[in-house]
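Listed next: structures, encoded as C-alpha coordinates.
In what comes next, chain A is part of two complexes: it sits with chain B in the first one and with chain C in the second one.
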Partner chain A sequence: MSVINVSAGSEAVLHIAAANAVTANSAVTSLVVPQMQDITINNQVGVFRFKTLDSTAESAVTIPATNQLTLNCVVDQTAFFGTGTPSDDDAKENGLFGLSKNKTQVYFNAYLNGTDSGSVYIRGTGFIAGLSPTVNMDSPVWVTPVSLEISGDIEHDLVP
Partner chain B sequence: MKQTTKIKALKWLETAKSKDTFSINTIPHSKHQIEQLLGFPASIKEESPKLKDIKEEKHGDMGTKSDLGHTEESGDRISKGSE
Partner chain C sequence: MAIRDSLKANLDVSLASSNVSVSSELPYEASGEPLYLKNMKFVYLDEDNISKTVLLNCLDNNDVIETETTVQVFLAVDAKTLPGDIDTIVANVINSRNSITNQVIRECEMTTETEADVLTYTFDYRFVTVT
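This part shows the complex of A and B:
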(Lines of atoms letter the chains of each structure in order from A and count residues from 1; the text may use other names and numbers.)
(Lines give C-alpha, C1' and ligand atoms only; values in the text may rest on other atoms or scores of the structure.)
Protein backbone atom coordinates (compact mmCIF):
# COMPACT_ATOMS: atom_id res chain seq x y z
CA MET A 1 0.00 0.00 0.00
CA SER A 2 1.33 3.40 -0.88
CA VAL A 3 -0.49 6.42 0.48
CA ILE A 4 -0.03 9.73 -1.34
CA ASN A 5 0.67 12.17 1.46
CA VAL A 6 0.93 15.91 0.81
CA SER A 7 1.62 17.01 4.37
CA ALA A 8 5.24 17.91 3.52
CA GLY A 9 3.93 20.94 1.59
CA SER A 10 4.21 21.85 -2.09
CA GLU A 11 3.32 18.29 -3.03
CA ALA A 12 0.04 19.01 -4.84
CA VAL A 13 1.20 21.28 -7.65
CA LEU A 14 -0.48 22.58 -10.80
CA HIS A 15 1.45 23.71 -13.89
CA ILE A 16 -0.38 25.52 -16.69
CA ALA A 17 1.07 26.38 -20.11
CA ALA A 18 -0.44 27.77 -23.27
CA ALA A 19 2.16 26.81 -25.86
CA ASN A 20 2.25 23.03 -25.62
CA ALA A 21 2.33 20.08 -23.24
CA VAL A 22 6.14 20.14 -23.01
CA THR A 23 6.08 23.70 -21.66
CA ALA A 24 3.82 22.52 -18.87
CA ASN A 25 6.46 20.00 -17.78
CA SER A 26 8.78 22.68 -16.46
CA ALA A 27 8.26 24.83 -13.39
CA VAL A 28 10.40 27.50 -15.07
CA THR A 29 8.44 27.90 -18.30
CA SER A 30 4.90 27.23 -17.07
CA LEU A 31 2.54 29.10 -14.77
CA VAL A 32 2.76 27.37 -11.39
CA VAL A 33 -0.48 28.15 -9.58
CA PRO A 34 0.61 29.46 -6.19
CA GLN A 35 -1.07 29.31 -2.81
CA MET A 36 -3.62 26.63 -3.62
CA GLN A 37 -5.95 25.75 -0.78
CA ASP A 38 -7.46 22.63 -2.29
CA ILE A 39 -7.64 20.91 -5.64
CA THR A 40 -10.10 18.38 -7.05
CA ILE A 41 -9.82 16.37 -10.23
CA ASN A 42 -13.15 15.16 -11.57
CA ASN A 43 -13.47 12.30 -14.01
CA GLN A 44 -17.23 12.04 -14.24
CA VAL A 45 -18.00 9.11 -16.47
CA GLY A 46 -21.36 9.60 -18.15
CA VAL A 47 -23.95 6.85 -17.97
CA PHE A 48 -26.92 6.17 -20.21
CA ARG A 49 -29.58 4.06 -18.50
CA PHE A 50 -32.38 2.25 -20.23
CA LYS A 51 -35.19 -0.11 -19.30
CA THR A 52 -36.34 -3.11 -21.28
CA LEU A 53 -39.52 -5.11 -21.02
CA ASP A 54 -37.72 -8.36 -20.34
CA SER A 55 -35.84 -7.14 -17.28
CA THR A 56 -36.76 -5.99 -13.80
CA ALA A 57 -33.69 -3.75 -13.50
CA GLU A 58 -32.20 -0.97 -15.57
CA SER A 59 -29.31 -1.56 -17.90
CA ALA A 60 -26.52 0.95 -18.25
CA VAL A 61 -23.86 1.89 -20.76
CA THR A 62 -21.16 4.46 -20.36
CA ILE A 63 -20.99 7.59 -22.47
CA PRO A 64 -18.02 10.00 -22.71
CA ALA A 65 -16.79 11.41 -19.43
CA THR A 66 -16.88 14.99 -18.28
CA ASN A 67 -13.42 15.89 -17.00
CA GLN A 68 -12.84 18.93 -14.87
CA LEU A 69 -10.24 20.23 -12.46
CA THR A 70 -11.30 22.63 -9.74
CA LEU A 71 -9.31 24.43 -7.06
CA ASN A 72 -9.37 27.31 -4.65
CA CYS A 73 -6.40 29.59 -4.27
CA VAL A 74 -5.33 32.82 -2.70
CA VAL A 75 -5.04 35.47 -5.40
CA ASP A 76 -1.42 36.14 -6.22
CA GLN A 77 -1.11 39.30 -8.27
CA THR A 78 1.51 37.93 -10.68
CA ALA A 79 -0.16 34.57 -11.16
CA PHE A 80 -3.60 36.13 -11.53
CA PHE A 81 -2.79 39.05 -13.83
CA GLY A 82 0.40 37.70 -15.40
CA THR A 83 3.97 38.85 -15.68
CA GLY A 84 3.25 40.95 -18.79
CA THR A 85 6.54 39.76 -20.24
CA PRO A 86 6.03 38.91 -23.93
CA SER A 87 8.87 36.39 -23.94
CA ASP A 88 7.06 34.29 -21.30
CA ASP A 89 4.60 31.57 -22.20
CA ASP A 90 1.11 33.07 -22.66
CA ALA A 91 -0.05 31.42 -19.44
CA LYS A 92 2.66 33.16 -17.46
CA GLU A 93 2.36 36.40 -19.39
CA ASN A 94 -1.42 36.76 -19.07
CA GLY A 95 -2.07 34.95 -15.80
CA LEU A 96 -5.25 33.12 -14.83
CA PHE A 97 -7.40 36.19 -15.48
CA GLY A 98 -5.99 36.70 -18.97
CA LEU A 99 -6.29 33.02 -19.85
CA SER A 100 -9.94 33.02 -18.80
CA LYS A 101 -10.77 36.33 -20.51
CA ASN A 102 -9.01 35.37 -23.74
CA LYS A 103 -10.40 31.81 -23.65
CA THR A 104 -6.91 30.46 -24.27
CA GLN A 105 -6.53 26.72 -24.53
CA VAL A 106 -4.08 25.54 -21.90
CA TYR A 107 -2.12 22.40 -21.15
CA PHE A 108 -1.90 21.36 -17.53
CA ASN A 109 0.04 19.00 -15.30
CA ALA A 110 -1.50 18.30 -11.90
CA TYR A 111 1.16 16.71 -9.66
CA LEU A 112 -0.13 14.54 -6.84
CA ASN A 113 3.03 14.09 -4.78
CA GLY A 114 5.60 16.65 -5.83
CA THR A 115 7.43 17.42 -9.04
CA ASP A 116 10.53 15.29 -8.53
CA SER A 117 11.43 12.27 -10.66
CA GLY A 118 9.07 9.39 -10.02
CA SER A 119 6.21 11.63 -8.92
CA VAL A 120 2.84 10.91 -10.45
CA TYR A 121 0.90 13.55 -12.34
CA ILE A 122 -2.26 13.91 -14.38
CA ARG A 123 -2.13 15.85 -17.63
CA GLY A 124 -4.59 17.17 -20.13
CA THR A 125 -5.77 20.24 -21.94
CA GLY A 126 -8.68 22.61 -21.41
CA PHE A 127 -9.85 26.09 -20.63
CA ILE A 128 -9.70 28.23 -17.49
CA ALA A 129 -13.13 29.19 -16.20
CA GLY A 130 -15.05 29.84 -13.04
CA LEU A 131 -12.93 32.66 -11.64
CA SER A 132 -14.78 34.36 -8.86
CA PRO A 133 -12.41 36.34 -6.63
CA THR A 134 -13.91 37.32 -3.33
CA VAL A 135 -12.89 39.11 -0.16
CA ASN A 136 -14.56 40.42 2.99
CA MET A 137 -13.45 41.98 6.25
CA ASP A 138 -13.60 38.68 8.12
CA SER A 139 -11.44 37.03 5.45
CA PRO A 140 -9.42 39.99 4.24
CA VAL A 141 -7.37 38.13 1.63
CA TRP A 142 -8.59 37.70 -1.91
CA VAL A 143 -9.38 34.10 -2.70
CA THR A 144 -10.85 32.64 -5.86
CA PRO A 145 -12.15 29.35 -7.15
CA VAL A 146 -10.69 28.25 -10.47
CA SER A 147 -12.09 25.55 -12.70
CA LEU A 148 -10.30 24.06 -15.62
CA GLU A 149 -12.80 22.67 -18.10
CA ILE A 150 -10.91 19.76 -19.61
CA SER A 151 -11.27 19.04 -23.30
CA GLY A 152 -10.74 15.40 -24.13
CA ASP A 153 -9.12 12.71 -22.07
CA ILE A 154 -6.88 12.95 -19.03
CA GLU A 155 -3.82 10.75 -18.62
CA HIS A 156 -1.43 10.01 -15.84
CA ASP A 157 2.33 9.65 -16.03
CA LEU A 158 5.45 9.74 -13.90
CA VAL A 159 7.94 12.60 -13.86
CA PRO A 160 11.01 11.27 -15.74
CA MET B 1 16.19 19.46 0.11
CA LYS B 2 12.76 18.26 1.14
CA GLN B 3 12.61 14.98 3.02
CA THR B 4 10.32 13.46 0.39
CA THR B 5 12.77 14.48 -2.35
CA LYS B 6 15.65 12.98 -0.38
CA ILE B 7 13.83 9.66 -0.05
CA LYS B 8 13.03 9.58 -3.77
CA ALA B 9 16.60 10.55 -4.70
CA LEU B 10 18.15 7.88 -2.48
CA LYS B 11 15.88 5.25 -4.00
CA TRP B 12 16.76 6.50 -7.49
CA LEU B 13 20.49 6.33 -6.75
CA GLU B 14 20.25 2.59 -6.05
CA THR B 15 19.70 1.90 -9.76
CA ALA B 16 20.90 5.11 -11.43
CA LYS B 17 23.64 5.08 -14.06
CA SER B 18 26.12 7.93 -14.52
CA LYS B 19 24.23 9.39 -17.50
CA ASP B 20 20.81 9.27 -15.80
CA THR B 21 19.18 12.42 -14.50
CA PHE B 22 16.90 13.02 -11.55
CA SER B 23 14.49 15.96 -11.61
CA ILE B 24 14.00 18.13 -8.55
CA ASN B 25 11.08 20.48 -9.04
CA THR B 26 11.15 19.54 -12.74
CA ILE B 27 14.82 20.60 -13.14
CA PRO B 28 17.04 17.65 -14.16
CA HIS B 29 20.17 16.95 -12.08
CA SER B 30 23.01 14.57 -12.92
CA LYS B 31 23.88 11.63 -10.72
CA HIS B 32 26.96 13.50 -9.50
CA GLN B 33 24.89 16.57 -8.59
CA ILE B 34 22.39 14.45 -6.68
CA GLU B 35 25.22 12.77 -4.78
CA GLN B 36 26.60 16.20 -3.91
CA LEU B 37 23.20 17.42 -2.73
CA LEU B 38 22.85 14.33 -0.56
CA GLY B 39 26.37 14.93 0.73
CA PHE B 40 28.30 11.76 -0.05
CA PRO B 41 30.30 12.12 -3.27
CA ALA B 42 33.71 12.66 -1.67
CA SER B 43 33.53 9.53 0.44
CA ILE B 44 32.82 7.40 -2.64
CA LYS B 45 35.89 8.76 -4.47
CA GLU B 46 38.14 8.14 -1.48
CA GLU B 47 36.90 4.64 -0.88
CA SER B 48 37.56 3.26 -4.36
CA PRO B 49 41.41 3.50 -4.33
CA LYS B 50 41.53 2.02 -0.83
CA LEU B 51 39.61 -0.99 -2.01
CA LYS B 52 42.16 -1.52 -4.79
CA ASP B 53 45.03 -1.40 -2.29
CA ILE B 54 43.43 -3.98 -0.08
CA LYS B 55 43.03 -6.36 -3.00
CA GLU B 56 46.69 -6.00 -3.99
CA GLU B 57 47.88 -6.67 -0.45
CA LYS B 58 45.83 -9.83 -0.30
CA HIS B 59 47.48 -11.16 -3.46
CA GLY B 60 50.90 -10.45 -1.97
CA ASP B 61 50.12 -12.34 1.22
CA MET B 62 48.91 -15.34 -0.68
CA GLY B 63 52.18 -15.49 -2.61
CA THR B 64 54.40 -15.38 0.46
CA LYS B 65 52.32 -17.95 2.26
CA SER B 66 52.76 -20.50 -0.52
CA ASP B 67 56.53 -19.99 -0.42
CA LEU B 68 56.63 -20.30 3.34
CA GLY B 69 55.16 -23.76 3.27
CA HIS B 70 58.39 -25.16 1.69
CA THR B 71 60.95 -23.48 3.94
CA GLU B 72 62.02 -23.90 7.54
CA GLU B 73 63.02 -20.24 8.09
CA SER B 74 59.60 -18.93 7.48
CA GLY B 75 59.63 -16.44 10.38
CA ASP B 76 62.67 -14.58 8.98
CA ARG B 77 61.19 -14.26 5.54
CA ILE B 78 58.01 -12.76 6.86
CA SER B 79 59.91 -10.12 8.76
CA LYS B 80 62.07 -9.29 5.73
CA GLY B 81 59.06 -9.10 3.46
CA SER B 82 57.18 -6.80 5.75
CA GLU B 83 60.18 -4.43 6.17
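This part shows the complex of A and C:
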Protein backbone atom coordinates (compact mmCIF):
# COMPACT_ATOMS: atom_id res chain seq x y z
CA MET A 1 0.00 0.00 0.00
CA SER A 2 1.32 3.44 -0.85
CA VAL A 3 -0.72 6.36 0.38
CA ILE A 4 -0.24 9.64 -1.49
CA ASN A 5 0.21 12.21 1.25
CA VAL A 6 0.34 15.93 0.46
CA SER A 7 0.72 17.24 4.00
CA ALA A 8 4.34 18.25 3.39
CA GLY A 9 3.11 21.03 1.07
CA SER A 10 3.84 21.68 -2.62
CA GLU A 11 2.86 18.07 -3.37
CA ALA A 12 -0.42 18.67 -5.19
CA VAL A 13 0.70 20.93 -8.03
CA LEU A 14 -1.00 22.08 -11.23
CA HIS A 15 0.89 23.29 -14.30
CA ILE A 16 -1.00 24.90 -17.18
CA ALA A 17 0.46 25.81 -20.57
CA ALA A 18 -1.05 27.05 -23.80
CA ALA A 19 1.70 26.19 -26.30
CA ASN A 20 2.07 22.44 -25.99
CA ALA A 21 2.33 19.54 -23.56
CA VAL A 22 6.11 19.92 -23.21
CA THR A 23 5.69 23.48 -21.94
CA ALA A 24 3.39 22.17 -19.22
CA ASN A 25 6.18 19.92 -17.94
CA SER A 26 8.22 22.81 -16.59
CA ALA A 27 7.38 25.05 -13.65
CA VAL A 28 9.45 27.76 -15.33
CA THR A 29 7.60 27.86 -18.64
CA SER A 30 4.08 27.01 -17.47
CA LEU A 31 1.56 28.73 -15.23
CA VAL A 32 1.82 27.08 -11.80
CA VAL A 33 -1.48 27.69 -10.03
CA PRO A 34 -0.56 29.02 -6.58
CA GLN A 35 -2.39 28.78 -3.26
CA MET A 36 -4.81 26.01 -4.20
CA GLN A 37 -7.12 25.08 -1.34
CA ASP A 38 -8.30 21.85 -2.93
CA ILE A 39 -8.18 20.11 -6.27
CA THR A 40 -10.45 17.39 -7.67
CA ILE A 41 -9.98 15.35 -10.82
CA ASN A 42 -13.23 13.90 -12.16
CA ASN A 43 -13.31 10.99 -14.57
CA GLN A 44 -17.06 10.56 -14.87
CA VAL A 45 -17.59 7.51 -17.06
CA GLY A 46 -20.88 7.78 -18.91
CA VAL A 47 -23.27 4.87 -18.68
CA PHE A 48 -26.21 3.94 -20.92
CA ARG A 49 -28.69 1.66 -19.19
CA PHE A 50 -31.34 -0.41 -20.86
CA LYS A 51 -33.91 -2.99 -19.86
CA THR A 52 -34.74 -6.19 -21.71
CA LEU A 53 -37.75 -8.43 -21.36
CA ASP A 54 -35.67 -11.51 -20.60
CA SER A 55 -33.83 -10.03 -17.62
CA THR A 56 -34.81 -8.94 -14.11
CA ALA A 57 -32.05 -6.36 -13.96
CA GLU A 58 -30.91 -3.49 -16.13
CA SER A 59 -27.98 -3.90 -18.45
CA ALA A 60 -25.38 -1.20 -18.88
CA VAL A 61 -22.85 -0.14 -21.44
CA THR A 62 -20.30 2.60 -21.06
CA ILE A 63 -20.28 5.69 -23.19
CA PRO A 64 -17.50 8.31 -23.40
CA ALA A 65 -16.46 9.83 -20.10
CA THR A 66 -16.82 13.41 -18.99
CA ASN A 67 -13.45 14.53 -17.62
CA GLN A 68 -13.07 17.62 -15.53
CA LEU A 69 -10.56 19.12 -13.12
CA THR A 70 -11.87 21.49 -10.45
CA LEU A 71 -10.12 23.46 -7.76
CA ASN A 72 -10.49 26.37 -5.39
CA CYS A 73 -7.66 28.83 -4.95
CA VAL A 74 -6.75 32.18 -3.50
CA VAL A 75 -6.63 34.78 -6.26
CA ASP A 76 -3.00 35.65 -6.93
CA GLN A 77 -2.83 38.75 -9.10
CA THR A 78 -0.06 37.44 -11.36
CA ALA A 79 -1.53 33.97 -11.77
CA PHE A 80 -5.04 35.32 -12.31
CA PHE A 81 -4.34 38.23 -14.64
CA GLY A 82 -1.01 37.08 -16.07
CA THR A 83 2.46 38.49 -16.32
CA GLY A 84 1.62 40.50 -19.45
CA THR A 85 5.01 39.50 -20.85
CA PRO A 86 4.61 38.54 -24.53
CA SER A 87 7.63 36.22 -24.46
CA ASP A 88 5.93 34.06 -21.81
CA ASP A 89 3.70 31.16 -22.70
CA ASP A 90 0.14 32.44 -23.25
CA ALA A 91 -0.97 30.76 -20.02
CA LYS A 92 1.56 32.74 -17.99
CA GLU A 93 1.09 35.89 -20.03
CA ASN A 94 -2.72 36.01 -19.79
CA GLY A 95 -3.34 34.19 -16.49
CA LEU A 96 -6.42 32.20 -15.59
CA PHE A 97 -8.72 35.11 -16.37
CA GLY A 98 -7.25 35.63 -19.85
CA LEU A 99 -7.32 31.92 -20.63
CA SER A 100 -10.99 31.75 -19.67
CA LYS A 101 -11.96 34.95 -21.48
CA ASN A 102 -10.05 34.01 -24.65
CA LYS A 103 -11.25 30.38 -24.51
CA THR A 104 -7.68 29.24 -25.00
CA GLN A 105 -7.08 25.51 -25.16
CA VAL A 106 -4.55 24.56 -22.50
CA TYR A 107 -2.37 21.60 -21.63
CA PHE A 108 -2.23 20.64 -17.98
CA ASN A 109 -0.20 18.45 -15.68
CA ALA A 110 -1.76 17.73 -12.28
CA TYR A 111 0.95 16.34 -9.99
CA LEU A 112 -0.29 14.13 -7.16
CA ASN A 113 2.86 13.92 -5.03
CA GLY A 114 5.24 16.61 -6.11
CA THR A 115 7.22 17.27 -9.26
CA ASP A 116 10.36 15.29 -8.44
CA SER A 117 11.49 12.45 -10.67
CA GLY A 118 9.26 9.42 -10.23
CA SER A 119 6.25 11.40 -9.04
CA VAL A 120 2.93 10.57 -10.63
CA TYR A 121 0.91 13.10 -12.59
CA ILE A 122 -2.21 13.25 -14.71
CA ARG A 123 -2.15 15.18 -17.97
CA GLY A 124 -4.61 16.28 -20.62
CA THR A 125 -5.95 19.27 -22.47
CA GLY A 126 -8.99 21.42 -21.90
CA PHE A 127 -10.42 24.85 -21.33
CA ILE A 128 -10.46 27.05 -18.24
CA ALA A 129 -13.99 27.82 -17.06
CA GLY A 130 -16.03 28.40 -13.96
CA LEU A 131 -14.12 31.37 -12.60
CA SER A 132 -16.17 33.04 -9.91
CA PRO A 133 -13.97 35.22 -7.68
CA THR A 134 -15.58 36.15 -4.41
CA VAL A 135 -14.64 37.98 -1.23
CA ASN A 136 -16.35 39.00 1.99
CA MET A 137 -15.34 40.62 5.25
CA ASP A 138 -15.31 37.31 7.14
CA SER A 139 -12.79 35.98 4.66
CA PRO A 140 -11.24 39.15 3.25
CA VAL A 141 -9.08 37.71 0.50
CA TRP A 142 -10.32 36.93 -2.98
CA VAL A 143 -10.85 33.25 -3.64
CA THR A 144 -12.21 31.61 -6.76
CA PRO A 145 -13.29 28.21 -8.00
CA VAL A 146 -11.68 27.12 -11.26
CA SER A 147 -12.82 24.31 -13.48
CA LEU A 148 -10.82 22.89 -16.33
CA GLU A 149 -13.20 21.30 -18.80
CA ILE A 150 -11.10 18.49 -20.23
CA SER A 151 -11.30 17.75 -23.90
CA GLY A 152 -10.56 14.12 -24.69
CA ASP A 153 -8.85 11.53 -22.57
CA ILE A 154 -6.66 11.95 -19.49
CA GLU A 155 -3.44 10.00 -19.03
CA HIS A 156 -1.19 9.35 -16.10
CA ASP A 157 2.58 9.19 -16.20
CA LEU A 158 5.67 9.46 -14.02
CA VAL A 159 7.93 12.50 -13.96
CA PRO A 160 11.12 11.44 -15.81
CA MET B 1 5.50 49.92 14.77
CA ALA B 2 3.55 48.18 17.49
CA ILE B 3 -0.15 48.92 17.66
CA ARG B 4 0.37 50.08 21.25
CA ASP B 5 2.73 52.78 19.99
CA SER B 6 0.24 53.93 17.34
CA LEU B 7 -2.59 54.05 19.86
CA LYS B 8 -0.45 55.99 22.31
CA ALA B 9 0.57 58.49 19.63
CA ASN B 10 -3.09 59.06 18.81
CA LEU B 11 -4.13 59.36 22.47
CA ASP B 12 -1.26 61.77 23.18
CA VAL B 13 -2.87 64.15 20.69
CA SER B 14 -6.57 63.54 21.34
CA LEU B 15 -6.26 63.75 25.14
CA ALA B 16 -3.71 66.60 25.19
CA SER B 17 -6.14 69.22 26.47
CA SER B 18 -8.25 66.88 28.62
CA ASN B 19 -8.22 66.26 32.36
CA VAL B 20 -6.26 63.03 31.99
CA SER B 21 -2.76 62.26 30.72
CA VAL B 22 -1.27 59.34 28.83
CA SER B 23 1.49 57.42 30.55
CA SER B 24 4.30 55.87 28.55
CA GLU B 25 4.77 53.20 31.21
CA LEU B 26 3.22 49.77 31.07
CA PRO B 27 0.51 49.06 33.67
CA TYR B 28 2.74 46.91 35.85
CA GLU B 29 2.14 46.33 39.51
CA ALA B 30 4.14 48.28 42.09
CA SER B 31 3.80 47.24 45.73
CA GLY B 32 0.98 44.91 44.79
CA GLU B 33 -1.08 47.59 43.07
CA PRO B 34 -1.33 48.31 39.33
CA LEU B 35 0.09 51.68 38.33
CA TYR B 36 -3.23 52.88 36.93
CA LEU B 37 -4.75 52.59 40.43
CA LYS B 38 -1.78 54.35 42.02
CA ASN B 39 -1.75 57.12 39.44
CA MET B 40 -5.34 57.94 38.74
CA LYS B 41 -6.26 60.06 35.76
CA PHE B 42 -3.43 58.50 33.78
CA VAL B 43 -4.16 56.32 30.77
CA TYR B 44 -2.02 53.18 30.68
CA LEU B 45 -1.57 51.04 27.61
CA ASP B 46 -0.54 47.41 27.93
CA GLU B 47 1.65 45.56 25.41
CA ASP B 48 0.29 44.03 22.19
CA ASN B 49 -0.95 40.46 22.42
CA ILE B 50 -0.61 38.82 19.02
CA SER B 51 -2.11 35.61 17.72
CA LYS B 52 -1.67 34.22 14.22
CA THR B 53 -4.09 31.64 12.86
CA VAL B 54 -4.55 30.07 9.44
CA LEU B 55 -7.52 31.61 7.65
CA LEU B 56 -7.14 29.66 4.41
CA ASN B 57 -5.08 26.49 4.28
CA CYS B 58 -3.36 26.07 0.90
CA LEU B 59 -1.87 22.95 -0.64
CA ASP B 60 1.46 24.68 -1.31
CA ASN B 61 1.82 25.73 2.35
CA ASN B 62 1.48 29.33 1.25
CA ASP B 63 -1.38 29.79 3.71
CA VAL B 64 -3.41 32.94 4.23
CA ILE B 65 -2.75 34.05 7.79
CA GLU B 66 -5.03 36.05 10.06
CA THR B 67 -3.23 38.13 12.67
CA GLU B 68 -5.26 39.23 15.68
CA THR B 69 -3.76 41.86 17.94
CA THR B 70 -5.37 42.79 21.23
CA VAL B 71 -4.38 45.68 23.45
CA GLN B 72 -5.76 46.60 26.87
CA VAL B 73 -5.94 50.20 28.06
CA PHE B 74 -6.72 51.24 31.63
CA LEU B 75 -7.88 54.47 33.19
CA ALA B 76 -8.84 54.94 36.85
CA VAL B 77 -10.64 58.02 38.16
CA ASP B 78 -12.14 59.16 41.44
CA ALA B 79 -15.67 57.83 41.42
CA LYS B 80 -16.83 60.62 43.73
CA THR B 81 -15.56 63.38 41.50
CA LEU B 82 -15.47 62.35 37.89
CA PRO B 83 -13.51 64.55 35.50
CA GLY B 84 -15.90 67.00 33.85
CA ASP B 85 -14.90 65.83 30.39
CA ILE B 86 -14.98 62.07 31.10
CA ASP B 87 -17.49 61.40 28.30
CA THR B 88 -15.20 63.07 25.77
CA ILE B 89 -12.20 61.21 27.16
CA VAL B 90 -13.96 57.87 26.86
CA ALA B 91 -15.16 58.67 23.35
CA ASN B 92 -11.64 59.70 22.30
CA VAL B 93 -10.10 56.54 23.74
CA ILE B 94 -12.66 54.37 21.92
CA ASN B 95 -12.26 56.32 18.68
CA SER B 96 -8.50 55.94 18.76
CA ARG B 97 -9.09 52.47 17.24
CA ASN B 98 -9.72 54.31 13.96
CA SER B 99 -6.14 55.57 13.93
CA ILE B 100 -4.86 52.05 13.26
CA THR B 101 -4.82 51.55 9.49
CA ASN B 102 -4.78 48.49 7.23
CA GLN B 103 -6.99 46.41 9.54
CA VAL B 104 -9.99 44.32 8.56
CA ILE B 105 -11.47 44.64 12.03
CA ARG B 106 -10.98 47.55 14.46
CA GLU B 107 -13.00 46.99 17.59
CA CYS B 108 -12.96 48.46 21.08
CA GLU B 109 -15.04 47.24 23.99
CA MET B 110 -15.21 49.30 27.18
CA THR B 111 -16.07 47.95 30.61
CA THR B 112 -16.14 49.71 33.97
CA GLU B 113 -15.53 48.47 37.48
CA THR B 114 -16.03 50.37 40.72
CA GLU B 115 -14.11 49.37 43.81
CA ALA B 116 -14.34 51.60 46.89
CA ASP B 117 -14.16 55.11 45.43
CA VAL B 118 -12.18 54.20 42.33
CA LEU B 119 -13.86 53.81 38.96
CA THR B 120 -11.69 51.86 36.52
CA TYR B 121 -12.30 51.93 32.78
CA THR B 122 -10.89 49.03 30.81
CA PHE B 123 -10.73 49.29 27.03
CA ASP B 124 -10.18 46.07 25.08
CA TYR B 125 -9.02 46.76 21.54
CA ARG B 126 -9.08 44.06 18.88
CA PHE B 127 -7.47 44.42 15.48
CA VAL B 128 -7.36 41.86 12.69
CA THR B 129 -5.25 41.82 9.55
CA VAL B 130 -5.02 39.19 6.84
CA THR B 131 -1.82 38.46 4.92
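Here, the second predicted complex is superposed on the first by the 160 of 160 C-alpha atoms of A that agree within 3 Å, B and C clash if a C-alpha of one lies under 4 Å from a C-alpha of the other, contacts with A are read in each partner's own complex, and residues count from 1 in each chain.
In the analysis below, contacts are C-beta pairs under 8 Å (C-beta built on N, C-alpha and C of every residue); 3 or more make two chains touch, one makes a residue touch a chain.
Keep in mind that what you see is a predicted model, and the values were worked out from it rather than measured.
Per the contact definition in the header, classify A:Gly114: touching chain B only (first), chain C only (second), both, or neither.
first
For A:Met36, is the partner it touches chain B (first), chain C (second), both, or none of the two (neither)?
In the superposition, A:Met36 touches chain C alone.
Applying the touch criterion given at the start, work out whether A:Glu11 contacts chain B, chain C, both or neither, answering first, second, both or neither.
both
Looking at the overlay, what does A:Thr83 touch: chain B (first), chain C (second), both, or neither?
So A:Thr83 meets neither chain B nor chain C here.
Taking the superposition on A as described, I'd like to know which of chain B and chain C A:Ser139 touches: first, second, both or neither.
The second partner, chain C, only.
Check whether A:Val28 is in contact with chain B, with chain C, with both or with neither, and answer first, second, both or neither.
Touch partner of A:Val28: chain B, not chain C.
Examine A:Thr70 and indicate which partner it touches, taking first as chain B and second as chain C; both and neither are also allowed.
neither
Same chain A residues contacting chain B and chain C, which ones?
9-11.
Could you please specify the touching residues of chain C with respect to chain A in the complex?
55-62, 64, 104, 130
Tell me, which parts of chain B touch chain A in their complex?
Going by the criterion above, the answer is residues 2-5, 8-9, 11-12, 21-27.
How about chain A: which of its residues touch chain B in the complex?
8-11, 15, 25-28, 113-119, 159-160
List the residues on chain A that touch chain C in their complex, please.
6, 9-13, 34-39, 73-74, 137, 139-141, 143
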